[in-house]
Each structure stands twice: as C-alpha cells, then as structure tokens.
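Heads up, the next two complexes both have chain A, just with different partners, chain B and then chain C.
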Partner chain A sequence: MSAEPEAPVAEARARANWVLVLLPLALLAVVALAVKLCGADPAAAFRALVRGAAGSRVGWGESLSRAAVLAFSGLAVALSFRAGLFNIGAEGQMAAGMAAGAAMGVKVLGAGTPGAVALPLVLLSGALAGAAWSSIAAALKQWRGVSEVIVTLMLNAVALKLLALLTSYDGLLKNPAEVHQQSAPLPAGATLAAWGGTSFHAGVFLALPVAGYLYYVMQHTRAGLSVRAAGLNADAAGACGIPVARVTWAVFAGSGALAGMGGALVVMALGYLPNMNPYADYGYMAIAVALVAGLHPLGVLPAALFFGLLETGARSMERSAGVPSQVVYLVEGLLILALLVRGLRLPGR
Partner chain B sequence: MNASSAVPAIRCAGLSKRFGAVQALHAADLTVAAGSIHAVAGENGAGKTTLMNLISGLLRPDAGTLEVFGRPAAFASPLDAVGAGIGMVHQHFLLAEALSVAENVALGRRASAGGWRFPRRQAEEELERLSAETGLRVDPRARVSDLGVGMRQRVEILKALTRGARILLLDEPTAVLAPPEVEPLFRTLETLRAAGRTLVLITHKLDQVFALASAVTVLRGGRTVFEGPLQGLSSDELARKIVGDASSAVAAPPANRPGAAVLEVCALRVPAEHGTGLHGASFTLHAGEILGVAGVEGNGQDELAGALAGTRRAAAGSSAKLCGTELLTLSVRSRAAAGVASIPGDRQREGLVLELSLAENLHLREAYEAEHAADLGGTWRLSPARMIARARGRLEAYGVTPGDPELPAGALSGGNQQKAIAARELSRGIKLVLASNPTRGLDVAAAAAVQRRLVAAAREAGAAVLLISSDLDEVLALSDRVGVLYGGTLSLLGSRGVSREAVGAAMVGA
Partner chain C sequence: MDEALGLFLEATVRVGTPLLLAALGELILERSGVLNIGIEGVMLSGAFFGFLAGAASGSPWVGALAALAAGAALAAILAWMTLRVKADAIVVGMALNLVALGVTGAGYLILDARLRQAGEGPWSAPTFGKLLPAWSGVPVLGPFFFAQSVLTWLALMLIPAVWWYLERSERGLELRAVGEHPAAAEASGVSVAACRFKACLAAGLLGGLAGAFLTLSQTASFTPQCTGGRGFVALAAVVLGRYGAWGTAGACLFFGAAFSARDYLQVTGVRAPYELLEMLPYALTVAALGLALQKRTGAPAALGKAYG
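Now for the complex of A and B:
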C-alpha cells in the first residue's frame, strides 16, 4: 500500500542497477581502446597506473596528499548539494583560502611563531577567506535572485587571477628575492613538513575529523536537520518555522570554509603561495567526489582517496608508459556518466 | 444491450503486484463492460492506483492476465497501452506549463507528414474540431500555465483522446476540482460514454460512484472484494464493502458553548499572487469553537491560511491577535511557540519533507523548541534515537500505518501522511488550529480519523479551529459557525443549522 507512488521508480532503479554491472566493463573497453589509440599496451599502462599510485611509499604519499585536498573540497560540495544549493565554486574558494592562508603566514606571523599558534591561525584565515568568497554568491542569490551556479563558477576564474596578482607584485605577497612568481616563504612554524621523502604531511589526517564532524552535524544536530529539511523541501521546512534564508547563508559560508581550509592546507604543505594553483581543477573534481560519495560526508573520504590514487597513477602512467594522463580524465568523465545513469538524485529544486 | 454477452473492454484476472515487502495487489480481478462507466472504489492503499498502473502499462504484473477488448495484452510500456486504446488521466497532471494547449496535446505524438517541423496551425485546428465534437471546450492557443485546474484536466482528457483512446482511466478526477467544475466534468464523461467510449473512474466519493457509474469494483487490501452492477445497491452497503467493518460515519461534534475569544482578526488583507487575494477579513474565533470557511478554491483560501500561519505576508494595517498578541509580525517559529498549529492544504509540498524519516518529520517543530531540548539530546545535539522513540508512540496514537518512525514520510499513503501531520501539529500545546482541506483525497476512514482529531482539538483541548475547506459537507458537518470566501471577501453566514442552499449560493456569489 505504501509503495504505490514509488513503484515505477523502484522498477527503473532495478533496471538501472543492471546497467551498472555492464557499465564498468564498457568503461574498461573504452579506456583500453583509447590507450591502444595512443600506441601503448593497455595492460602495461594499467600496471603503470597502479604501481605509480600505490606501488611505493612515494606513490602512496602523493596519492594521500592529493586525496586530502579532494576531501576538503568534496566535503564543501557535499554540504552545499545536501542543502539544495549548487556551489560549483570550491575551486575559487580553495584559491581564496590559499591566498589568505599565505597572507597570514607571510604578513602577520613572525618567524618565531610556534606551530601550535601558527598552524591554526593559517587554517582559520583560509576558512574565513573561503567563507567570504562563497558568501558573495549567497548574497547575490538572496538579495538579487542570481543563480548560485553562475556566480560561483564565475568567481572561480576571478580567484585564480587573484592568486596570480598576489604573487606578481613585491608589495603584495611576492618574494622579491625570487625570480619565480611566488610568495615569500611561510614561517617555519606555519608549514607542514613532508614525511621522509614523500609528499605526505600531517595535514592529511585533518580530513578525517573534519569529515566525521560534518557527518555528526548533519545527522545528530538541530542545524543538520535544518540543512537537510531545507535542502529537500524548502516550502515544508519554511512552513514548520525553519529559517530557510538563514540556512542558505550558513551553508554557503560553511561550504566555502571547508574548501578554504583545503586551500590553507595546500600552502602550509608547499611552504609558499604559488602563482598557479598546483591542484588546478580539483574544485571541479570535488563535484565528482561528492557525487560518488552519495553526498555522504564519510563517503567523501574513500571517494577522495580513489580519485587521489587515480590522479597520481595517471601522472605516473604518463611518465613511464607514455600514455597521456587525459585517458584517466576520460575515465573520470565516464564514471560520472555512469552515476547519472544510475539515476542519482540531487536534493532540492 | 446485454452487457454480459458482449466482449468486455477490460478483463483482468488474478493480477498481483508486490513492491518489496508490500503486496499491493493480491490476485485482483476487474471486468469492465465496453461502453460503460465503471467505478473502482477502495480506501487509500487498497491497490486502486497500482491496478490502474498495470492496465496503463506503467507497471508490469507479477502474475495474472489482462485482456483488452478480448485480446490478451502484455504491455511493456505506457506506449503499448496507448496503442491498445487505453488512455490514462492522472490525478496530478502531466503537462508542460510553458507550452500552449495544442502543443501539449501534440507532445509525444509521432511526427506525421510535417517531418520535424511542428504543424502548429494544423494541430490547433484538429484540437478545435475534437473540442467541438466532445464538448470539451478549450482554447488551443492558451498557455497551460494560465489555465485553472478544471481546464488542465480537460487538456489531459483531450490528450488521451487524440491518441485514440477508447478506454479512459481517470484517477480521482474530482479531487483537484472546485465544486462548480465537477458538474461539467460529469457531463463530459457522460458525453464520452454516449459516444461509445469506456470510462474507468477511480474514486473515494460514493455519491460520484452512484451519479455516474453503472457498475463498481471494490478493492480492499489488494483484493477484489466486490464487483457488480450498482442497481439495487445502497450507499451504506457500498460503504461497508469499501471499509470492511470499520465505522465510517463522521460523528458531528456535540453542541458547544463558545469560550473566551482566542483569535481576533481585523481587516486582514493579503495581496494576490495567483488568485484574488484577500480583501479585509475580520472575525473572532473563540476557544473550543470550529469556524468552517467554505468556498471554491482560489477565492482567498490560501491567502487567509498562509497569512495566519506565517508563510504569506499580510498587507500593512492588517491585524490578527492571538490572545492579545499580534501574530502577523511574528516568525513562523514564534507563532508555533505561541500555540498555532497548521495543517497545510498541500501536504506533500508544505506539510512533510517526503525524503526525511517520519521521526524527523514529526520533530520539524519540536526539535527547535527550548522546552524539548533536554529530552531530545541537548541544546545543540539532536538524538536520532530519541526522536525515533518519541515518534513511535505518537504515530501509534494517531493511527499512522505503517508506524515505523524510521520510514521516509514519502513511503506512506496520502491518508497516513495526513495523520502524521496531525500527529506533529496537534499533539502540542495549541490554542489555534489552521486546517486547509485537511481531508482532501483521503478515504472515508482516514478522513473520519482526521476530522475526529480536529473536533477533539476544539472540544477537548479547547483550541479555536479555523477549518478552510472546499468540501461543503465537511464544513457543514463539523462547524459551529460557517463562513464563505468568495472573490477574496469573507462573509460569515451564522451558526450551526445554516442551510446548504444558503452556503452554496454564497460560494458562487449569488
């Protein structure tokens, strides 16, 4: 009796699950063909990918540090999508976090600031900058009715130009002693040292409590219930007294803060602000991470790890097997398509 | 003509369908004589919609056979059913609002001679011809978004007819209609039948069964419990077959001495969004009193309920005082804290978050009220386990089935969804209850349960109840005083015993 309206959906799901079995196979075939067209041996390319991503300490270190960046931006996307807000701007918010984190380190903190003070401050400034950056989209949406998709997307380009600007002028953040356009180094206390010749750093661990915290907030607090209710049905939430407008502000700020923290982590690990984001496009890949995770905060962790491995493996495959890393991006694209075929539902609208 | 000797339009035998753990249909039978109007009656969740979805090709049966005009049919998709001459008019219309009537009717039809150019003129003329033939008057050039509900329904029927439907399945066709639109629909259906088409009418409303159909099939719990001609069947007998042994009569509330004034509304004006707006309503509601507001939908009902509930802004100069406190400047949450309960007219849009669990839906208000904070986990924390435990007893008390608080609200039938809303809104300290069409689309038993709750809220909890309903019978049965909204103006007709004719006349502005 209860299932009546849901029934056709359930049948469609069952059919889609069958498709889901076939899809990875089709996916593999397409990738093998693409590798073949590049003039390489698919089996060798695959081996190179796996070995590069997870075949050594260096590979794991690289994969995990990439996964951490993806986890923060993935959590940012998952939070906003859960609220029915389509923040496509993790890329820009991450860049804002990088800039602010570097500014805090270079301009405010002294050389002798201990890590216990410096690291939280850099992280906090990154979070605040990310929140401020995404709040522009929130303001335009609330006051002028502009779609957040357009605004966040456009602001990504602006934020990246901002990085270039900050690292181009001596008066700003550029290091006058350096030919390359990059900022002066962050004080030692504000950096995260790499572990034994790998790219792994302690900041990677931070993704775990943050994801756990977000999960707790979403499922075990009043604020989480507000976000989920407003995202799934703003009319009903509003009629029950949930302040939907305030939830929108808070979610934009929180989402931007998560991405901004990811950005701060990047500069802490690098030790300076580069003029180009070394993790370019990770803010977009974060959308794939969040969708693969089913918008579940804890699901974001394995999803981010998967994409981190894929990223590292792709680069290694390019070097050792001569297969362009674009082949891997083909995989990512097809994977998202496969998820859409499964009938993934986004809340809201 | 002897119907039994002719080939039936539809013959289903032993149709079964299971969704997960729920056996929606259990070897159901249905035989519909060609050229007749056949009613399919049953409570919410009896399996009516599932049966129609099987016949219209939306679902495939687990077991059983289906014959259309004597030919065995196994539909793989709704398109197959359309090919066999079956057209379905859904309760919720499937129209593209931005397109014109002619464009909507042409949508989804296979392109003809025109190739991929849309022959607009031709489509419009064709539709005009069909309109004239069937008496279903619509302007082919009108945009669907500009049409009222009754007109949209006509477009749906025309859509089915242009696809060559000889059998029309109508799911609760009057549920969305205002009373004056029902009569024209009935005439239309009668005309279509006279022209040789077969109509299958799914309905809760017994008077409609008797007014239109010649035979009826009653489903209960997924089984066919009765099938036969209506001749010689009394309304009481049919009602008993539908609900089984449960009593279905709505007891009129006992007489009542009005208490102190609870709500004083003065010159309440609400600007129009779609309908007429509300032009200055003034009335006083007393403790324990039920004020029923009848009227054809779109005459200011949404505005009145919305302004008091806080989802709509009232114009400057309006006033509504709850026990002396001005309501109109308060937030929705503060109004709830002050004792306002609201059963909104559109339960799926404004009442529940269908994807959230019942436990969460039941706490959409209480979770944010300070006096429940300790019980629910703390000032910030909200314990899922505590919500589930609290919801369980409440769901049981309000007769919500299935009463599993962890189920998503969307898994429930309409009647049970409405009971869940009542459980959330009425099991609190309440002074004022706003109920908009609280029993719309519900079966007899569920409607009676909700109505009993409203009466109890007034008589036992001493709340003032504002019942806004387009169901005249409901208003007359439950109300201590009766008012009518017409063209955005509220007129109070007086207390208990006001005549049906007087209310009816006021509803159409006579």
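Now for the complex of A and C:
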C-alpha cells in the first residue's frame, strides 16, 4: 500500500518510543483525574484497586473467573482478526451460548443427570449456539456481500434482548417460582461449584487447553496456515488453492463457538440464566484483550488475566473510594489507540 | 387516519431524526473513503456533553454547541489515527466507542454522586422548542409536521442539502473521487488527507448533534448507554441506502418506524412480548441488509483503505 518503503518504518519506531513513555503516564493521569473528580484520595483508591483485585483469595477468585470469560471472547476475536474477518459479535455470540447452555440444562437434562454427561452437553450447546449465531454474519457476508461488522453489531443487540425474552415468560425458560426475571435453575450436575467462598470455579481451567489447542491449530496445522494466509492476503491465498470461502465459514463458526463456550461457562457457574448478561460489554473488551495479546492465542491468556484483574480492582475501587468502574472502558480504549500509534497492524491491512 | 397512527407517524420522524443526522454525516464520511464504527461513541458523547452543558447553562443551544464540540473532538482522533497514523479504521472506531463509554458512564456517575452530596435532585436539561407549536392541533398533519423539534426540521432539510453537495457540487465531486480512487484524485490536485479530514469533522459534528437530540429533545435526561446501538443502526442505514442521500434518509425513517412500532403495536392491542418488539429494529436491520443487498452495493471503491 505504502509508496515510500523506508520512511514510515522509521517514523513508526520513533513513535513507538514516545508512546511507551507517555502511555503509562497518560493512563495514570486519566485514573487520577477520575479519582480527583470523585473527591476521593488517589492513594487510597489505588490501594483499593490493587487489594481488591489481587489482595485476597476472594479477589483472585473473581479476577480469574472474569479473566476466563475475557479469555474465551478474546480467543474468538483473535481467531477472526487473524483471518482478516471483523467478527465484533463476541458479545452476542456469548449471549447466544448462555441462552442455549441454559436451555439445554433447564429443558433437556433431567435433575439426576451426572456431571460427566451434563457439563459437556451444556458446553457443547453453548458452542453450537455461538457458532450458529456468528454463521448468520458469515452467510450474509458470503451470499449477499454484507459487511460482517454491521451484522455482528446488530446481532449483539438482538441476542441481549433474547436473554430478557427467555427469562421473562413461564413457557420459555423463566423460573415460575422466582419473582426476579431469571431462568429455572440448571440441574446440579450441570453447574460448576464455586470454590471455598470465592467465585472461582473449575471451568476457569478450561481456558488453558482451549487456548493451547487454538495455538497448535493456528501455528502447526494446515488449517491454521490457511487461516493465516487468507488473513494476510485472501486473493493470494485463493490463487494458491486455499479454499478462502470455506476458511471464512470455518473461522466464523469457530470464533462464535469460542465465545459461545464462554457464555455456557457463565451459566454453569451461575447455575441459572440471568435476564441481563452479568459480563456486559466483555465481548467488546475482548477486542482490547486480543489486540494487547498481538492476536496470539497464548498471549490472550495473560492479557485476559490483566483485564480481569483490572475489572475486579476497579469494582473494588468503586465500592470503597466511589470511583466509577467505567473508567476501565476508557483505559481500554486509550490502550488500543496507543497500541495502534505504536505501530500495531492487523494482518492484511 | 386514527390517532394512534398519527402518533406513530410523529414518532417515526422523531425517532428517525437522530438516525438521520448521524447517518447523513456518516454518508459524507464514507463517500470520502473513511468508515467510522465509532459513530456510536460520537453520538453517546454528544448526548452526554450536550446534556451536561445544556443543563448547566439552561439553554439547549449551548448544549448543542457542546455536543458539536464533543463529536468533533472524537472525529479529530479518528482522523488523526486513520489519516496520519494509518491505523485500521474499524479498530480505531471500536476504541473510540470504549473511550466514549468510559467517559460518559463515569462522568454521569460522578455528576450523580456530586449532586447527591450537595443534596440536589438529578439535573434536567432544557429541550429544543417545537417549530410551530400553535399549529400542532391541526389533525393528522399537526403532530406529524408541526409538533416536531427544530432539530428534526434541520435534519429533514439536510437531506436535499447533502444530496446536492454529494451529487451536484464540485466539492462533492472531489470528495467522491477521493473515496473511489484517492491516487487519481491526488494526481488531479485534490488533497486526499485534507478532504477526508473535513469529512471526518462533518461526520463528528452531525453525530454529536444526533446525540444531543436524544438528551435535549427526545428526553431531558441522560442515562448511561442511552444511544443503545442507534449509531450502529445509522451505519446500517448508509449501507441500506446504497450510499445515497435519499436512500439513506429513507432507511433512517424505516428504522425510525421500527423503533416506534413497539409503542404503536402495544397501543393498538397487538399482543406480542415486549422483549420481542424491542428486538425488532435490530433484527429488521439484519433482515433488510440480507434481503436488499446484492454484491453491487454502491460502496466507494476505496472505502476503509488507508491511502499513502
């Protein structure tokens, strides 16, 4: 694309250096400003942030369970961005996974279903629903030439309303015995117990093999090579005999399945389907996770942990110092912009 | 025509107004070859800062000025990131959405906490007047035309203005050339960067004003995330309108009707779950895109591609 090959590289390097210096300062200034506006003591607020996120077993438990949700949606984003596809619908695919996982648990599985059967079935239905939800965007892109960006954004809004719909009517998934709008409880076998008074659950571990598997597929298999090649230059990949259309379908389905699995884990840990996504906007934060990870599947894990700690810490800061946790969005947005200024580019762009 | 239908038509135009303002700005921007996914954030910032300045000053016009400034500020970041840094516009746009979500969400809670500390109730913003309030009693046409806000009339008048600018003016021809073939435009003496920068500003100003309409006309208050995906719907309207001013306007009114259908159907006694009706505009967008769009979309050839 660029006509002059050398100058932009040097320029990007020069930028990289001052961004690295300015970024932490800018982020600190942003948070300090928010703290000041709230009339809180910055030092106390910062202590609350760190202690809340990583100062106790409860803090770590919450940080890790938040990180797991971010990891699944982050992997979903990383996979599609590597293929040059802008699936920004992890939010909706996660919600679809939550809905289908809950439907499987509430409507299909009996009360006495053992965990060895129930857990994989709930997970699988979440993955399938996520894949189906993202395949709508794939179909419109492939058959009608509609940009996946708009379709996935619209489907996010639809999926979130779907949660409210399913938990509001007795014939659907609503718990008739419950005043609150939420689904009937999942059978005991389909739930993941919290560990010792924290919100940590065994499902968090699942992020590790899934990320490892995605890394293996992307870097060491023919399929992964096809995905990466299609992402770098779809025309060239097609000319080399890579079935780009099939890769597109598969990436959308895989990406949706990853986000859907994250959604299924959420309902397994909660034990019911809530009427609003308790991890609202994590599908958008996942973009920050994936970009910080450099779209590398294994990099997604530490990136998700970082943002999980940040989210948990910010909530604790909100409780004890009154600083709104929404500043996390601001930090994430600025972080993405800074990475772009530093020279981060997506494959094929 | 019965009363419910009259109110439905009134609501269609009213709810379509912010979509119209945002989409016409986005149309100009996209015809120059830049995509702004951050339009949702631009609208949200306009809504918040418009509300803030409007409520603090007591004048909706001051609020509108603040909304214009907030929209332009975000658009300037978009312009700098895409034109100078040459980052991908989609990623920049999503980052701008996160920035706006953080600033407006935290800003609202901070304001709320401060007001409560001071023992004051929540702020209420002044709203824009109706154009011809005395005439709104005229049957059917009254609520449809004369009960609308001045901003609605501004939005409606913008449709032919944007059409004329894009399709008939020399500047518009240059802008379209930049969107279709930037290298050729540059060779003919048009500055691609300057043209796209101005288009970014126009989209930011109109997007900010669209947000201000939500808080200074439709309601008099701000709630976090009150744009609720309307910016994204405006994006879809441009695609559905095949990148033309009249088509985009038609799509915006269609979505205005989809958003208003919820109340209309409930008034007329159609028994459908509320949540299903709330889904309607978004689901309709997907369906409309799928049904309407063929491979030939009317999109500028260089849309979303960095230049230089």
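Everything below uses one rule, namely that the second predicted complex is superposed on the first by the 335 of 349 C-alpha atoms of A that agree within 3 Å, B and C clash if a C-alpha of one lies under 4 Å from a C-alpha of the other, contacts with A are read in each partner's own complex, and residues count from 1 in each chain.
Here, a residue touches a chain if its C-beta (ideal position, glycine included) is under 8 Å from a C-beta of that chain, and two chains touch if they have at least 3 such contacts.
Given the structure is predicted, the values throughout are model-derived calculations rather than measurements.
S.K.: Under the stated touch criterion, name the partner, chain B or chain C, that contacts more residues in chain A.
M.R.: C
S.K.: For A:Ala43 in the superposed arrangement: first (chain B), second (chain C), both or neither?
M.R.: Neither chain B nor chain C is touched by A:Ala43.
S.K.: Is A:Ala245 touching anything from chain B or chain C once the two structures are fitted on A? First, second, both or neither.
M.R.: Neither partner.
S.K.: Is A:Ala288 touching the first partner chain B, the second partner chain C, both, or neither of them?
M.R.: Only chain C; A:Ala288 stays clear of chain B.
S.K.: When the two structures are overlaid on chain A, which partner does A:Ala229 contact: first (chain B), second (chain C), both, or neither?
M.R.: first
S.K.: Touch test for A:Ala237: chain B only (first), chain C only (second), both, or neither?
M.R.: After superposition on chain A, A:Ala237 lies in contact with chain B alone.
S.K.: Between chain B (first) and chain C (second), which, if any, makes contact with A:Ala193: first, second, both or neither?
M.R.: In the superposition, A:Ala193 touches no partner, neither chain B nor chain C.
S.K.: Would you sort A:Ile88 into first (chain B), second (chain C), both or neither based on which partner it touches?
M.R.: It touches chain C, and chain B stays clear.
S.K.: Would you sort A:Ile336 into first (chain B), second (chain C), both or neither based on which partner it touches?
M.R.: second
S.K.: Quick check on my understanding: which residues of chain A belong to both its chain B contact set and its chain C contact set?
M.R.: 1-3, 8
S.K.: Residue numbers of chain B touching chain A in their complex, please.
M.R.: 17, 19-20, 22, 24, 44-47, 49-50, 53, 58-60, 221-222, 309-311, 331-333, 335-336, 342, 344, 349-356, 360, 363-365, 367-368, 377, 380-384, 402, 407, 410-413, 416
S.K.: Taking the complex as given, what residues does chain A use to touch chain C?
M.R.: Per the touch definition, chain A meets chain C at residues 1-3, 8, 15, 34, 37-39, 86, 88, 136, 139-140, 144-147, 149-151, 153-158, 161-162, 164-165, 168-169, 281, 284-285, 287-288, 291, 322-324, 326-334, 336-337, 340-341, 344-346, 349.
S.K.: Which residues, counting only chain A, touch chain B once they are in their complex?
M.R.: 1-8, 10-11, 219-225, 228-229, 232-233, 235-243, 347
S.K.: Applying the document's contact rule, which stretches of chain C touch chain A when the two form their complex?
M.R.: Within the complex, chain C touches chain A at residues 37, 77, 81, 85-88, 90-92, 94-103, 105-106, 109-110, 113-114, 117, 224, 228-229, 232-233, 235-236, 239, 273-276, 278-279, 282-283, 285-286, 289-290, 293-295, 297, 305-306, 308.
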